[in-house]
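Same chain, two partners: chain A is paired with chain B first, then with chain C.
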Partner chain A sequence: MIAGPGPRSRSSRIPQWVALGVLALFLAGAPSVVDSFTLSQILTKALWLGIAAASLIFLSSYGGMISLGQTGIYAVAGFTMANLVHAEGGKNLGWDPVAATAAGIVVATAFGLLCGAIASRSYGIYFLMITLAISVIVFYFFAQVTTLSGYGGIRSVTPPAVIGNPVLNPLPLYYTALVASILVYVGIRYLARTPFGIALQGIRDDPARMQALGYNVALHRALAFGVGAFIASIAGILSVWYTTQVSPGGVNVAQTINILIIAVVGGLYRLEGAWIGALVFSLIDNYSRVWLPNVGDWLGPERFETVIGVIFLVIVLASPGGLVGIWESVWARRNRAMRGPVEGSGTVADVVDEAVEPHAVQSRR
Partner chain B sequence: MLRPERNVGFLRLLATAVLGLLAVAACNSTTPSTTTTSTVIKIGILSDCLGDFGSFFNDDLGGALAVLAAHYGGKASGPLPKDGMTGAVIAGKQINIVGFGCSDSTASKAIEETRRLVEQLGADIMIGPLSGDEGIAVANYAKTNQPNKTFLNGISGAQDATLKVQAPNFFRFNPDGAQWSSGLGAYAYNKLGWRTAAVIGDDYAFPYTSLAGFIAEFCAVGGNVTQRVWPPLGTTDYSSFVAQLNPTTYDGLFVGVGGAGLITFLKQYQQVNGSLKTQHIMGNTFWPDPQLLHAIGTPMVGAVAASGIAADDTSAQTTAYKNELAIYPATQKDAASVFTLGYWSAMTALGLALTAVNGDISGNQKALQTQLAKTVVDGPYGKISLDSNRQAVFDNWIVQITAPATSGGDPGIHTILRIPNVDQTFGGFFSPTTPAPDRTNPTCTKKTPPPWVGNEVPVTFGP
Partner chain C sequence: MSSQFDLRIVPRLVLALAGAAVVAWIAYKGLQDGRIFWIVTLNGITLAALFFVVSAGFTLIFGLMRVVNMAHGSLYLLAGYIAFTIQTNNYGVSSNLLSGSPATVTSWIVPLVIATGVIGVVGVVMQQVFLRWNQGQDLRQALITIAISVILADQMVAHFGGIAESIQQPAAWPDSVQLFGVRYGFFRLVVVVGAAVAIGALLFLVIKRTRFGMIIRAGVDDRAMVSALGVNIQLVFAGAFFIGALLAGLAGALGGTMIAVQPGNDSAFLLDSLIVVIIGGMGSLGGAAIGSVALGLVNSYADVYLKFGTTDLTNYAILLTFVLVVAMLAVRPLGLFGRPA
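Here is the complex of A and B:
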């Protein structure tokens, strides 16, 4: 059942805006808190990885589609853009970076719609396999068509003038990624409340009933996949600016799995989980190589994958809703304790249902 | 009724963001100072600890650290190279190994790890990386973003990293993939009498380059490559590719398939064409591998292959090299590893150059970089100098597979030829404007043969 937003008074929104304002201040002020390395290698990375994971979480939480194709799609955006602008190793066509960025996003979105059309009639494990195949095909395509991927990648990709050199001055790219993240977050929240979004959530919950009601299920799913591709393509463009290069090795199956891990660790059914998972992933990725003590051959900086794997396992076992899910259950328990067992007209079940949003309920089925 | 729970989404977001930022700030506060005092030189070493080459992590680090232990008073902090090293002093300057970069053979991770070592941990000088794509990316990073730091390649072998990127502060004291195949084209044409050849290799960058070395030389001396077959990387059944190869249509087959696939390919090739005719087949640097010799056995006896290492060399130079590596028993057993040799060569060159400039890394390290460009490493398997693109000119080796010493044993390896002064351009065949090696490049054209053709030196090591 799709729950609509509850009635709200103007006064109930004030804490929301205060909270948002504080968050905005924190994010905007981050550059003065951390050094440029951390700003670039942790925060900017977390923001673009978060957008990539958000495209996956959008599909899973609102469309019920867990896609492994997002890496392949953002690779298409990245390679398209990198080939069009001045760079070493690619086509080096010398386009204006802004036009090339738009072209990259358009091509990747079109590619996503095509993939969506192919995959839209499959569900569950079959959908997973088709989308995995998309990523693998894209990886091998760029690994083998060296005229499009350069020899070992396209390097020194020219970003728009406003970005500058992200290694020497990471600030513009950080704010670009931040604005893009906010737009993606707000955009998805908005889309979820449109008739299309509501229909999509209906299809997620019961495709057969929606079909019976006259909705074109396959079309809705394909379009949603296209939206996911659009979001992923933004991540693809940002990733190229971030590393100043794009190579087939960076969009391999391991990266496909990384995006899934980020989404699951953050929370596969909560949009915020994308960026939280990405931040945790970036922190562990960077600092596990510094902090992990050497214990013979068992432990050491080379065990990043083991660490992230263990965390993944613990999260999946302890909280299928990811880190956000843990927070939600703590919050729900707190509310229950504060309200007492029965208060006014609300039951305990009501309180719990209020605390978690509909797609979180969906995740528990 | 008001529903304050509705604020949970925003509060949740806020709380996690605050926690995240606090975590970042906490991590940040532990960041060591990046200032360089005049008495300390900070070195970062980058290799792969994940991905296809992750298992060589300690071999790589050990190659570099063994030099510090043997010549500059370094003390190992533990039994494994990754445990670190302290106490090394070069020209009166303390050598501080700030950290080990841990990449996964992708360019993006290599850049991230290089940035961590340089920008976060403050390395003045970098040694690494390991694989081809990584090398190109790091050379670009060095050229564009860190012109005032010095980068020495680990063991990455992509031609472009030096031939095309030409970063003035990126030095490679190891050969590229094509150089490792030098000597074989002329050997096939002149000694084995091949006039036409087919080549087969995995469909990705390193085999393209490795086979390019054979094709360039074989075609330059007058041979013709009639067929190029590229099985996808990760192929486990080569039957359809074996079927494409008809030995009656060529004089010889050059095999550049690598890893576990090589054993499968050679077995399937024999099932279709009978026991290997070793006058009509040869291999690249993947061939002198004990696992392969064990798996295929005596049918390989007599075949020749290229090797960057003369493993049977017992000269004082080679023995000294092996003794240096003895500090790490884990890498000693792999003394024949090209990975170890690449990192050893880089640190040896750095030690020599730093000593020559008296440890001076002031003035944006220009004195050190000028010195490195003219440094000659007297390596265990020959001298290594640099060309004008700061790319190694070295001696390659041709090895022949010999009969097992005992019946039922594995075949051995005998070094037969030294290919002197192999340069990256193959005497002008490759240049900054030639297309990078791929499925169809280089094209097969007769040219002036590389300078080493006709100057190969027959050698005999051991009994």
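Here is the complex of A and C:
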């Protein structure tokens, strides 16, 4: 059985696309509702962080791979692009920003394929550790090689003319991020239905059986990691345009963990969770610095990481499926009450286990 | 057997050749200047000793309980801060002799013991409160420990600030010792390496010779069976977590004296532990020892010998760590002594 994230009938899929369309329209109209500060600090940020988290969720929900390497990969994209265009610090090679963007995405995707080839034979917790090592090594690389990262980062990175200056006019970047998000979302949903996507989900559920059926398991996983890298590199490019700079400090372990937190808070096994998590993250990031009261040394406007850490902890303890998981388990409970127990419809917790330890689940059954 | 050429030999062959080239280069440089070679080697070994103490705890916890304790680095750093705070506040020790006194053996040992013990208890509390009821869910446990490490890292910045501090070693101890014709730091060479060797031997004896060790070894192979035989496996788990955290704490106090106590050390030492166990194989003490030596030597040789004529590549030293991990995984996906979960 190939259990996609939530096997659902065609009839329930149509309202889903309608909902997506309505949401896209609403987001397209958002700039006329909210002020430019909120637009830039909350919505645009949530969109690009969401793409980064989506690359992680794509790997976890369809490939059963929890990767902490996405930050390292988007760092490669961002730094490549920033070195190629006009900027302060870095190589300042003066390429056309569009060509540099393409180059950044290509380099990061190639790097992702290399990392995928390395990590593809590892599963679960080993995979998590190897990809964490990749991210941290990329961080140390850029922190040490100052010819490529400037001293303390590359500033005033030239974006394409279309984007303009995101500080003066946040609209173009917002729409770019919105379009990119929609394309990423639709693209992943499409990919999941291709033979490659189906095979990937089969590998997620039972690698040994897929191997026996003649599929090249390691190759599929490595390619999926390459796709994840491609998505992450889009987020990396957007992040550089968003902040107009890129520095090693922006891609450190904390940022690696932040992307993981976004994915987990939103829901590791539902693609929508990426942007939901990113929105929650941006909101807390922004408002906790204003509203958080001082409680000794323990809490205060500076202690954003503590707040997000506690929320992360609570979500992990209470609902492994994240915010989307909470909604889904309520939904599933309602359905079960109506239909009685259905064979094979696992809870969110089962899906979590299954993604991590397919064999353990097999042997338990 | 057959004339068919086995493709799997290719990566091994390439790696063997690359390894031989590296050894030849280091030997060539070593013969040029033996003094520097010894100092660099000793740097690597003393670093490896510290890595071993940290990663032994990490690998012990994983081996028995399949818990990847992502807060291991945070425990390491917290121990350093606790020891530093006790030494400064309760003993008035300071590196600046105008504002404080030099450290004595007591004012070094007591903070170390307290910090180590506190971290051991913190580890057990963490395991009992957050991890015990999630047994068997590796990923969830890893995420929980990541959350804890995020909170701890932020709280440590809040309470101890962002400045690098250093625990003072006893002033009575010599600064350096003579070995192979070079003078080398006494603390690094004698205390840290001594501690690592003692801990390695002790852990080896405990695991191979005692009843507790027997239960741990049996638990690594089959938890359910050990439990069925009437062993209180939860108690064993708590004990293993205590020892694992204890080792992180001890390493933190040692590392805080040898190098420094500063923010960022938590993720640095978590990464080092990860790399050590990826190389050595998760859950294997011998693997941790070999992985530590490999990582320590690669780090220190790369810092000095990555110069070819006028081309200075020492900035790229971190990439060699990456190469080391990649090379190991290409040949053995589970590390040197790793076994499938």
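Simple rule for what comes next: the second predicted complex is superposed on the first by the 313 of 365 C-alpha atoms of A that agree within 3 Å, B and C clash if a C-alpha of one lies under 4 Å from a C-alpha of the other, contacts with A are read in each partner's own complex, and residues count from 1 in each chain.
By definition in this document, a contact is a pair of C-beta atoms (placed from the backbone, for glycine too) under 8 Å apart; a residue touches a chain by one contact, two chains touch by 3 or more.
As the structure is a computational prediction, the values presented were derived from the model and not from experiment.
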Consider chain A as the common anchor and indicate whether chain B and chain C clash or fit when overlaid.
-> clash
Chain touching more of chain A, residue-wise (chain B, chain C) | B
Just chain B (first), just chain C (second), both, or neither: which does A:Leu27 touch?
-> first
Which partner does A:Leu313 reach: the first (chain B), the second (chain C), both, or neither?
-> second
Please indicate which partner A:Val324 is in contact with in the superposed arrangement: first for chain B, second for chain C, both, or neither.
-> first
Regarding the shared-chain residue A:Ile257, is it in contact with chain B (first), chain C (second), both, or neither?
-> second
Which partner does A:Met129 contact after superposing on A: first (chain B), second (chain C), both, neither?
-> second
Chain B versus chain C as contact partner of A:Glu302, first or second or both or neither | both
First (chain B), second (chain C), both or neither touched by A:Asp205 | neither
With the two complexes superposed on chain A, say which partner A:Gln144 touches: chain B (first), chain C (second), both, or neither.
-> both
Of all the chain A residues, which ones make contact with chain B and with chain C?
-> 140, 144, 146-147, 252, 254, 297, 300, 302, 304-305, 355, 357
Residue ranges of chain A touching chain C (in the complex, touch as defined) | 66, 118-119, 121-122, 124-126, 128-130, 132-134, 136-137, 140-141, 144-147, 252-254, 257, 260-261, 264, 297-298, 300, 302-306, 308-310, 312-313, 316-317, 320, 349, 352-353, 355-357, 360
Interfacial residue positions of chain A with respect to chain B in the complex | 6-9, 11-12, 15-16, 19-20, 22-23, 26-27, 30, 33-38, 40-43, 45-46, 88-89, 140, 143-144, 146-147, 150-153, 155-156, 165, 167-168, 239, 243-245, 247, 249-250, 252, 254, 272, 276, 279-280, 283, 286-287, 289-290, 294, 296-297, 300-302, 304-305, 323-324, 327-328, 331, 335, 344, 351, 354-355, 357
If you look only at chain B, which of its residues touch chain A in the complex?
-> 1-18, 20-21, 23-25, 27-28, 31, 49-51, 54, 57, 78-80, 82-84, 99-102, 104-109, 111-113, 115-116, 119-120, 132-133, 135-137, 140-141, 144-145, 158-160, 164-165, 203-205, 208, 232-233, 436-439
Residues of chain C touching chain A in the complex = 66, 68, 130, 136-140, 142-144, 146-151, 153-155, 158-159, 267, 271, 274-275, 277-278, 282, 315-319, 321-322, 325-326, 329-330, 333-334, 341
